[in-house]
Structure formats: structure tokens, C-alpha cells
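What follows is a structure written as C-alpha cells; I'll ask about it next.
Labels for the chains are A, B, C, D and E, by order of writing; each one numbers its residues from 1.
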Amino acid sequence: MLKELIAKSFEKSPWLFHLNTGSCNGCDIEIVSVITPRYDAERMGFKLTGTPRHADIVLVTGPITSQSKDRLIRTLAQVPDPKVVVAIGSCPRSTNVFNGSYSVEGPLDKYVPIDVSVAGCPPKPEAIIDGLAKAIEILKEKRRAMK
Amino acid sequence: MILVNYIACIILIVLGFYVILTKKNILKIIIGMGLVDYGINLLIISIGFNPGGTAPIFTFSELRPESFFVDPVPQALTLTSIVIGACVTAMALSLVIKIKEKYGTLDADKVRRLNG
Amino acid sequence: MVVLSYLFYVLVFPGLLFSTIVGLILSGIDRKVVARMQKRIGPPIIQPFYDFFKLLGKETIVPRTASRKTFLYAPVIGLLALVTVALFIPMFKFTAISTVADIIVIIYLLTIPAVALIIGGAASGSPYAGVGISREMVAIISYELPLVIVLLTIGKKVGMALNNGAITFSLSQIVNYQAQYGPMITKWSLIPAAIALLLIIPIKVGSVPFDIAEAETEICEGPLVEYSGVPLAIFKLNHAIKMFIMTSLFVTLFLSGKGTGILIVDILLQVILSAIVVIVSISTLKAITARLKVEQVLKFFWTYPTALALLSLILVWMGF
Amino acid sequence: MQHYPILSIVTLFLGAFLTVIFGSKNETVRKFIALVASSISLILVLMLIKPVMIENNVIQYWMGNWRPIHDWAIGIGLEVDSLGLFFGIIAVVTIFLSIVFSFRYTEKDSETDKYYVLFLMLSGSVLGLVFTGDLFNMFVMIEIMTFAAVGLTAFRNYQEGALEAALKYLVLGSIGSSLVLAGTITIYSQVHTLNMAQISALLFNNLTPSTLFAFALLLAGYSLKAFVVPFHPAAPDAYMSAPSSISMAFSGMVNKAGVYAIIRLVYVLYHAMSFKSIQLLLIIIGTITMFVGVTMALAQNDFKRLLAFHSISQIGYVITAVGVSTALGLTAGLYHALNHTLFKGLLFLTAGAVFYATGTTDLNKLGGLAKKMPQTAAVFLIGAFSISGLPPFNGFVSKWLVYQATYQANLAPVTIVALLVSVMTLASFIKVAQSIFFGQMPKEFENVKEVPLSMRIPMWIMAILCVLTGIFPNFVTKYLISPAVSAALNVGKYIDIMMGNGYAEKILGKPVEIPAVDYVLAGYWNPVAWLVLFALLLLAVTIVAVAGGFNTASLPVDGDDSKYEVFFGGEANEYSHVKGNDLFWGLKYDLRHYFGFMHDAHSGIINDYALWAIFTTTIFIVYIFLLVP
Amino acid sequence: MKFPYLKEAIKSAFKKPSTEPYPKVNKEAPEGYRGKIKYYPEKCVNCGLCIRVCAPGCITRTIEKVEEGDKVTFTFYQGQCTFCSLCADFCPRGAIELTKDYHLAVTDPKDLIVSGTFIKKAPPKPPVQPQNQPAAKNQESNA
């Protein structure tokens, strides 16, 4: 019974950790707007945490600059399993307009598999919510695979 | 006679405290401690002194109500106190030597690495 | 039989199970009400249960720099202290263990969860936790002064009526007093003390604007930064139970009374009153304020609540 | 049995002399002599528990059998009542454990024969002080004590500040001794006897300006030996620079000797606790002591110096509780004195262990030692929780008694201050825990090892005693504290035993009554609590079993990858440790004027400290002259 | 101690929340929102202006020679798109449109690809002319 409860809770309480890898702040602002009264992600149990140790879903924004590359890899490693990586915006997916820049080492899937990507520059909050909903499904599957 | 003693010992004690409080040289502070000690020793002796009393050397059989003698206890106390005072002074002086070696000065204002 | 009844007290009611459920529901109510005050829909009321069970299913990571045993056992120690306190707090006429119900014991037992948080955080070896424990300690120093004065005031008030003027700290006597003379909040000289205690409850449970220790945006949740999985779940549970216990203590100190005499109704009443206190003192403040700075917290608690509590103390001392 | 007290004192002094003669060459011999002397004295004193504490006898012993003649005491007498024995037990336990700890702790020092000589002299003098029945003997013992303590403070004279600390201790100590001596002979000049029992009888209802003056001097002198606040500044320096085993002895018995002398003075000698003003004086200095001690401790950056200021602060609790002067207050005070010896001794030993392992006690240089020294960290936490008064450790019981005593005496402000001080105590030990035992470890301590067994054994004994006195308070009060309290209050018996039956009634003019030691202990631990504790333990086991995460073996082994590094904003894991200086910023900022003032006040200049002492003595004299009669 | 929002908070607690029930009720994007790319290959003339103006370079074109002419495939990889709408603005034939559809969250990056294929009929072979240069120019502009 406990296992069922835990499995059920995984879809109801995903905690987010937001990781900026050199983003222009556009996506960051949209992530913040997801938790504003208008979109209120908290009603689905989403919560922004301050540390990767608490997180289930990592939201990555930005094109992975060479400054942030090591930090990104380290921080993602520190998230306890099961975890889901969501690329917010086009940058982590493909480095977007920064493609080919001397200081950009993206895209993200060079380093970790991206589970969900939300395109847009920046994506609309609704799109982010869609992405998170998809992320929850993946989280559930990963949890099932873990046991 | 006895009043002079008391005045003298009070002067000694006050002088000693004055030296401890105002002099910055550690050696002088130790001299001040000595002065206080001597003042108190003088006080003890004065307390035990009875003008006109004899030396307190009796056996119990010789002791009578009318015998009038100097109180022997304070003298014993004074001796103890002097011995202790001498020890303390010796200790203090040995510390002073070491401090001079280590700090290079005897100024109390400079021997203050432990503060706050 | 006695052993069994105490086991029941500790494990089910009013110990672990009861306080867990009520605590989690109260913190759910808190989150819901805050959301509604901010014109949001907010999470469902049972959201804290989801959080708790989810954390049970997560991986537990112990960092290399941590002292493993201290790191893992700290949350359990805090939980035990809270369960113990739950046994001591009277709910109207009912107390699990009445003979040892003394406010000072409760104050000290309530310090233990905070100390457990501090020690656990320190044991993780994270610099964020270092800053967090420093702030948590400042918070404890801040609220302890007004809290003590408030309790002293109540003790004096009750003592003057029941104990020939000597201060009493016995919780059962405080409840008796309220059964005889009506709830403490109706005595006007104690209203400042009640306000002070209402201001102390948020910092004791560590909610906005006094959550300086666990500021997730500044210092990454402070002492909790390295916790994950089960220990984190227990810390979150501690949080919730602390919320229940503090509000229940407020109800016992200020809103208690004769009760109805029926145990279940009394308990229900206690829980409902606690929920109201949560809404008044924790949720409202949380909805309308932002986090204070560390030095502002100390200054705040050593001025306004202390002044209010002292005012009450002086009034009570003068016989009002 | 009659001879046990004198034997226990003489053994220690004899041990000191034997160490001088035989121990100067051979390390083993001097250790053996010290161990034998301290254990004989321990056994002798513990054997006194049954007759004195339980059967409530008072042992009197006249040196050279010079018994009183015509109701006039002329010899030097020992008188061991429960109060003296209580402090005697504290002293011998401290001595024994400290000696055991010293064996390995001093192995890096040269000329440890001097160490053992001085230490045994210190021990002997403290025992002599608490067992004696003679006022001048008390002065002599306290002077030997100061002398030995100064020598031991300067023992590690290569250490920063040791000489300086010794000099300050010597100067202040000799001022204190001078005050005590002056007070003693002033009393002598009035009553012409030095036996405390007889003085007590003669001074009853017979206070003249001279005896009041003597009272003020003695109170100031003994306060200086107990390091209550305006007299305290030599104490932190001395505790800090002395070896840790000695610091433990300082806080465990040298301090307590001063407290004992104060209790003896105000309760027995002068019957002064019937005066409201004397109660108030003790409560005021006690409260100031605890507050100043703890706030100074918060600002310290050295483990031992911090502990030293806590010693001062805890003595403040004792003095306050003693000043409340009800049976409950005295119980609280004595209980706290006992607990202070246990937990502060434990903490000083952990400081010693840290020093032994790393070579420093500076809070800003250490860190993360809990991984390397888990047992030391565990006993440190027990000690820290005890001193902060967390249940179920012993500090809670005694502090709780202190609060109860003060609030029952309608001293609400004192209760508030005491609770606040308790929280600040917790704060400063959190600081120590964070900066020494937790957090990250500096590179240079990679090879630190746990201290040897002979150093851990005394620490564990102390820690177990801390827990035991915490969860068996009724037992402790029944067999140790209550007899001591009734002895302190039962002055008539004290006089009668020494001077012969009926003497007290003759002089005091009233029959000797047995004081009532009754107070309502609003029970903290009772049989019910045991069941709760049992159930809680069961609960803990259940949680651990259900959670499964606590099975540390099942957790992944520390890998080399960054998953097991601390989260540092994603940065590579470099050494970063929040040290003692960095903690409690908000508090330090808000109270910066107060902390700055206190820091400046403790200037480190001997003249200033002497000025404080003499000025406070003057205040005592003026206060007592103005308010007491 | 001032609580400027106290009144508002208490009032709001009894009002209907302003949250949009998004996943349950689908929401239209506002007028002029630039969302998912729609490509009408039948309108396209393979002029390549869009590729020139695309800053992130999300538009790729492949040209295969088939019998009837060139088989031109335009691929829009929205994972790289900034949704600036420059391509649509510059398209002389209106073959690219940025719709109001914003549902761009996918698990498989292939879902982000929008592509279209058309066959550009090769023009009838022109007679060989003596001057080569203008013909080359013409060819270039066609390409």
C-alpha cells in the first residue's frame, strides 16, 4: 500500500529546480510566471526548491556556456534519482542563436539525455505547464523502472 | 602606640593597592602586592598585641583567669602568612623573568596578548 | 496494560499518527489559504501528504563531507521530541500525560527539533548549511525572549487566581483556570501577550517572513541543503507537526475552556481552533510579507513582541 | 572512618612529596604515584558517603587531638558535613579523572614531575578547603590552591599567553587572598577564635560593624576565588592557557571551592540568608555573572576560552540559585554545581582531546573533525546538550530547578535572564560544534586520529555521568543534594558536633531544629516518563526499520563522482567552511555596541582587572554597611 | 510595523481566484502570438530568403534532382527557432506562417521538426545563347 501511495505521490508532488546555464533570462521569467497567481503551478503540486537535492525535475535554460558547463554537469549529478531533465526554450535543445559561438558548449544533450524539451523563445507559460505534465509521466516511469 | 600600628598598616595596604592600580611596571605591581601583604601582617600582629601582656608560654596547669598575656594565635598566623607571601613573591618574580624573556618588556600595557 | 496504553498514546493518539495527520492537514490548509489570499487556486489540502510520501520514495544521498550517523539520525531525534511534546499538551480536559506537563519542559523539548535541524545541517558540511544554522540560532535567540515573557505572564495570571500569587507553569492548572474563568483571551490584560505569541508562532515554525534559516532563494534552504529522500521527509514532517503543536499550544494557553466533555468533540474543536490560529497567524503573515533580514528579525522580536509581552506582564503584575 | 578525611587530604600531599623525591627521574613512577594517591583519596571520600550522606552523621576530627577546652576551640579541626562532602566528592572525581586523562595528554611535555607535584598539591588543597573546620586553615588552603594553580597555568610556558595568564591569575589571586586574610583576622579580632563552628555560634545576632566589614571582605575574597563577574577576568586567560586536564580541575573544583566558601560563609558562618539584602546581592551578582559570561563566550574564537567564559556563566547560575536561599534554591544551586563539574569537565577534556590531536583549539582553524574523531564528537555533543540544558541531560534538570526556584521566589526578571542565557549557551556551543566537529575539514588535518583509549575513558565516564544525573534526578537529589542542603541549613548541628552537644542551644539561645527540606518538585521524571521513554525508543526503532534509509550499509558507497559532493552552487568542491567568526552575524550586528564595550572592557591589562576587583570590593563594603543592619 | 497588503489579502481570500484553469480549459493565445511554424510548400518558390534572414539557422533546405525538376525540402527545426517571425515577414509568397499554436512541449525532438516538400519544375530548357553571362545570372537568381 505504501508503494502505491508513493507511486501516486510522485505524480502529485514534483519539485522543480531551476538551472540557468547562461540564459538571456527570458525563459527564467516565464518559469517564474508559471508560479504566479495567473498560472499557479502550485495547484498541481509543483514547487520551486532551492537545492538540487530536493528536486525531481530540473528545468534547464540557456545554451550551456563554457563557464556553466562543469557546474551544470555537477549539479545534475547531485539530483537524487529518479530525476527528469526538462529543457526550457530552444537554447538548451540546440543553442539557438548562440550556435557556433566560441563560448557556448551546448547543446544540452551532449552531456545528459533531455527528457522533455519545450520549444519557444521563450515558451509560453502554458507550454511550460504542458512540458511539466509530460515530465511527470516520465518521472513516474523512471520511478517504476527504479524498483 | 597601637593606633600607630593600625594607621601604619592601613597606609601600607592603601599604598600597596595604589601601586597595583597605577604602576604599569609588573615588577612594581609585585612590590605593591608585597606591600599589601606586609600591611596585613602588621594588622594581624597588632590585633594580637595586648599592651603590657607577657609572653604566652604556659602549660594548662599554669593558666589562670588573671594571667594577662599577648594572644599567641596571631603570631602563628603572621608566620604562616609571611611564608605564603614569600612563596607568592618568589613565584611572581620567576614569572616576571620569563615574561621579560618572552615579551621583552615589563610594561603591563604591552603584556596583554590575551584580551577581549 | 499500562504499557499498551502508553504505546497507544505514543504511536497513535495524541502521538505520532494523530499529530502527523493533523500537522500535515494544517500545513495543507496553510498553503491553501495563502494561495487563496494571493488569488491563486493553490494545492489541494492533502498536498503535504503527497510531498511526504514522494520524498519517502526518493534516493537518499549522504555527501562525502558529512558525518554520516549524525546526518541521518538528526531528523529522527527532532521527530521524537515533537511526539513527546504532543503527549504533554492538554486538549481541553484531555491530556495523555498530565503529571509532567510543565511549560518549561515543553519549551525545552520544542528547542530540540530546532537543534536537531542545526546539528543535522552542520553535519552535512555544506557552507550553505553553515550560514543556515547561524541564522536559525539567531532566530531561536530572537523569539526565546518574548516567548518566555509570555509564558511567565500566563503563569503569573493563573498563579494569582489559583496558587496564592506564586507563578505556576503547570499546563493542567492553566487549563483548570480557563475552565473556571473562561478563556484566557477574554482577559484584556492578556491580549498583548496573545498578539505577541501569535507573532512568535511563525518564527517558531519557520515560515515567511521569518524563514531566514531556510531561505531557499538566498542560501538554498539553509540547513536542509544536503538532505534528500527519507531524512528530508522526516524534516518536512517535523515542520508540519511543529505547526500543529505551536498552534495547539496557543489554543491551550489562550482559547481553552470547559470544553464539551465529549472527547472526540473536544479534539475536533481543538483542531479547528488550531486551524484558525494557523490561518490568522501563519497564513496571513505569509501571504502579505516578504522575508526579513537576519538583523531585522532580531530587532523585530526584541522590540514589538517583547514590548507587548512585557506590557502584559506588568499589567498582570499590577493585578489587572 | 574518623580518619578518612584527613587521610584523603594527606595522601594527596604525600603523593606530591613522593613525586618530588622519587618521580623526578622516572615517568612510570610519577604516574604510578599520582594514580595511587588520587585513587586512594577517591576511595576514602566515596567511603564517607554512607556515614555522612545516608546516615546523616557529621565527622569531626581535631588535629593532634586538641579538643575544645572550656567550650573554647583552640586546635585546628576538620569537620566533614554533607555540604563539605558533597564538594569533596565533586573534587575527588574530578581529580581522579583528570589524572587519568593527563597520562597520555602530557606525553609531549617535558618535566611532567612538576606537573604532578603541583596537581596533587592543588587537589590536596581543595580537599583540605572543603573538609576543614577552621577559618584560617581555609585561607591557607586557598592560598596553596592559588599558588599551585598559577604554577599549572604557566606549565606550558611555551604556549602563547601562558605566562601572562599566570601573572594575572597570581596578582588577582593574591588580592583575593589578601581580602580573605584581612577578613579572617578581622573576625578573629572580634570573636577570638578561628573555628568556624564557634564563630558561627558567636556571630549569631551579634553583628558589629567590624564583623560586617569582615563579611564584605570575605565575600569579595571568596567571590574572587569563584570568579564571579567583576572579579572574573583572570579566569578565562588561565583556563585557556593551562593544559586541558588542569582547566577541567579549575572549573571542576577550584571554582567550586570558591562557591563552597561562599555558601559556608553566608549560610553557616553569618546566618546571613535571613537578610533580604544579602539574598539580593547574591542574586544580582549571580545574574550579572551568568549574563556577562555567556555574552562574552559568544564572542570568543578559542574553544577553551569560550569554555572558560561558560564556566563563569554557569557559576552565575549557582550563585543566583544559592542566593534565592530557599531549600529549592539551594538544591538547584548544588545540583547545578555538580552538573557543571560533570559537563564542563567533559567539555574541557574534549578540548584537550582536540588539542592533543590537532595542536590547536582555535575555532577559526579547525573543522570537520567528527569524521576523524567520532567518539570525541559524540561526547562533545553530550556535554554541549547538557550545558545547554536540553532534556534528558543533566543540565536541564538543574536549570529547571533554578527557574523553578527563581519564579517561586517572585524573581521573574531573573528567570527571564536565566532562560535567555540558556539559549545563548546553546548558541555558543552550536558555534563550537559547527566550527570544530562539523563542516568541512582543512587539508592539514587529514591524518588526525582519534585520541588514545586512556583519554577517551575519562570522557566517556563523564558523559555517562551526565546522562545518568539527567535521568535519575530523584536519586541524585535524595542521596547527594538533599543531605547537603539540610547540612547547609542546619547550622545548629554543625556547631554542636564540633563544640559538644548543647553548645549551640546555649549560645544561640534557641533549640536546634532540623530544617525542613521540603519543596514541591513539579515532577519532570517520574515512573510514567519511563514508559514514555520506552515507547519513544520503540517508535524510533520502528521509524528506522520502516524507513530503511537508515540502514547505512544499503546506502551507496561514497563514489568518486560529484554526486556525493556538497552542493556548492554547482562549483567544484573546494574547501569552504563556515567558521566560528562567521556565525551569528545578525546577533553580533544588532548588539555590536554591547559586544564592543565588553571587548574593550576586557583589556588584558592587569591594572584594570585589579581596579575592577578593588572597586567591586568597595561596593560590597558600602552595600553591606548601608543595607544589611 | 506596517502591513500594506493586509486588507487586500483578506478581501482576495473570499474572491474567486484569478488563476486560469489551463490544462482543463484550453486557452487561445493572444492576437499576434508567434507560435508553431506552419509551412505551405505549395506556395513556396524556393527563393531562400527565409534561410538568409533566420538568425539561429533553424531552416535547412535540401534539393534533390528528380525527373520533373528539383525536389525541394524545407525543414524548420523549432528546437532552434527564436520565433522571431522574420522568415514569415520576408517570405514574398506567404509560404511560412507562425500560428497561434503554442503547444511545443515534446519528449521526442523529432516532433519539433516542421518540414514540407515540393517539386520545383525545371523550366523548359532554354535555347543556347551566345552570351553566357546573362544566362548564368538568370540561373542564379532562380536558384
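Side notes on the structure shown:
Just so we're on the same page, a contact is a pair of C-beta atoms (placed from the backbone, for glycine too) under 8 Å apart; a residue touches a chain by one contact, two chains touch by 3 or more.
No experiment lies behind these values; they were computed from the predicted model shown.
Shared contact partners of chain B and chain D, listed by label: none present. Connectivity note: excluding chain D, the chains that remain group by touching as A, C, E | B.
The chains touching chain C as well as chain E are A. Using CA-based centroids throughout, the chain positioned farthest away from chain E is B. Among the remaining chains, B is positioned farthest from chain C, on the basis of C-alpha centroids.
Work out the mean CA point of chain A and of chain B, and you get 82 Å between them. Our note on geometry: chain A versus chain C, Cα centroid distance of 34 Å, whole angstroms.
Averaged C-alpha coordinates give centres for chain B and chain C that are 61 Å from one another. For this pair, chain B with chain E, the centres built from the Cα atoms lie 103 Å apart. Those residues of chain E in touch with two or more other chains are numbered 17-19.
Of all residues in chain D, those that touch two or more other chains are 563, 565, 567, 569.
Annotation for chain B: no residues touch 2 or more other chains. According to the touch criterion at the top of this document, the contacting chain pairs are A-C, A-D, A-E, B-D, C-D, C-E.
Contacts from chain E toward chain A in the complex involve residues 17-20, 22-23, 27, 29, 33, 35, 55-58, 77-84, 102-107, 109, 112. Residues 368, 370-371, 374, 377, 381, 385, 388-391, 396, 400, 403-404, 407-408, 410, 412, 415-416, 419-420, 423-424, 426-427, 430-431, 433-434, 437-441, 522-526, 528-529, 531-532, 534-536, 538-540, 542-544, 547-550, 552, 555, 558, 563-569, 573, 576-578, 582-587, 589-590 of chain D are the ones touching chain C in the complex. Residues 69, 136, 140, 143, 147, 150-151, 154, 157, 160-161, 163-168, 170-171, 174-175, 177-178, 181-182, 185, 188-189, 192, 194, 236-237, 240-241, 299, 305, 599, 602-607, 610-611, 614 of chain D are the ones that touch chain B when the two sit in their complex.
Within the complex, the chain E residues that touch chain C are 1, 3-6, 8-10, 12-13, 15, 17-19, 21. Residues of chain C that touch chain D in their complex: 2-3, 6-7, 9-11, 15-16, 56, 60-70, 72-73, 76, 79-80, 83-84, 87, 97, 99-100, 102, 104-105, 107-109, 111-112, 115, 118-119, 122-131, 133-135, 137-138, 140-141, 144-145, 148-149, 152, 155-156, 165-167, 169-170, 212, 220, 225-226, 229-231, 234, 293-295, 297-299, 302, 313.
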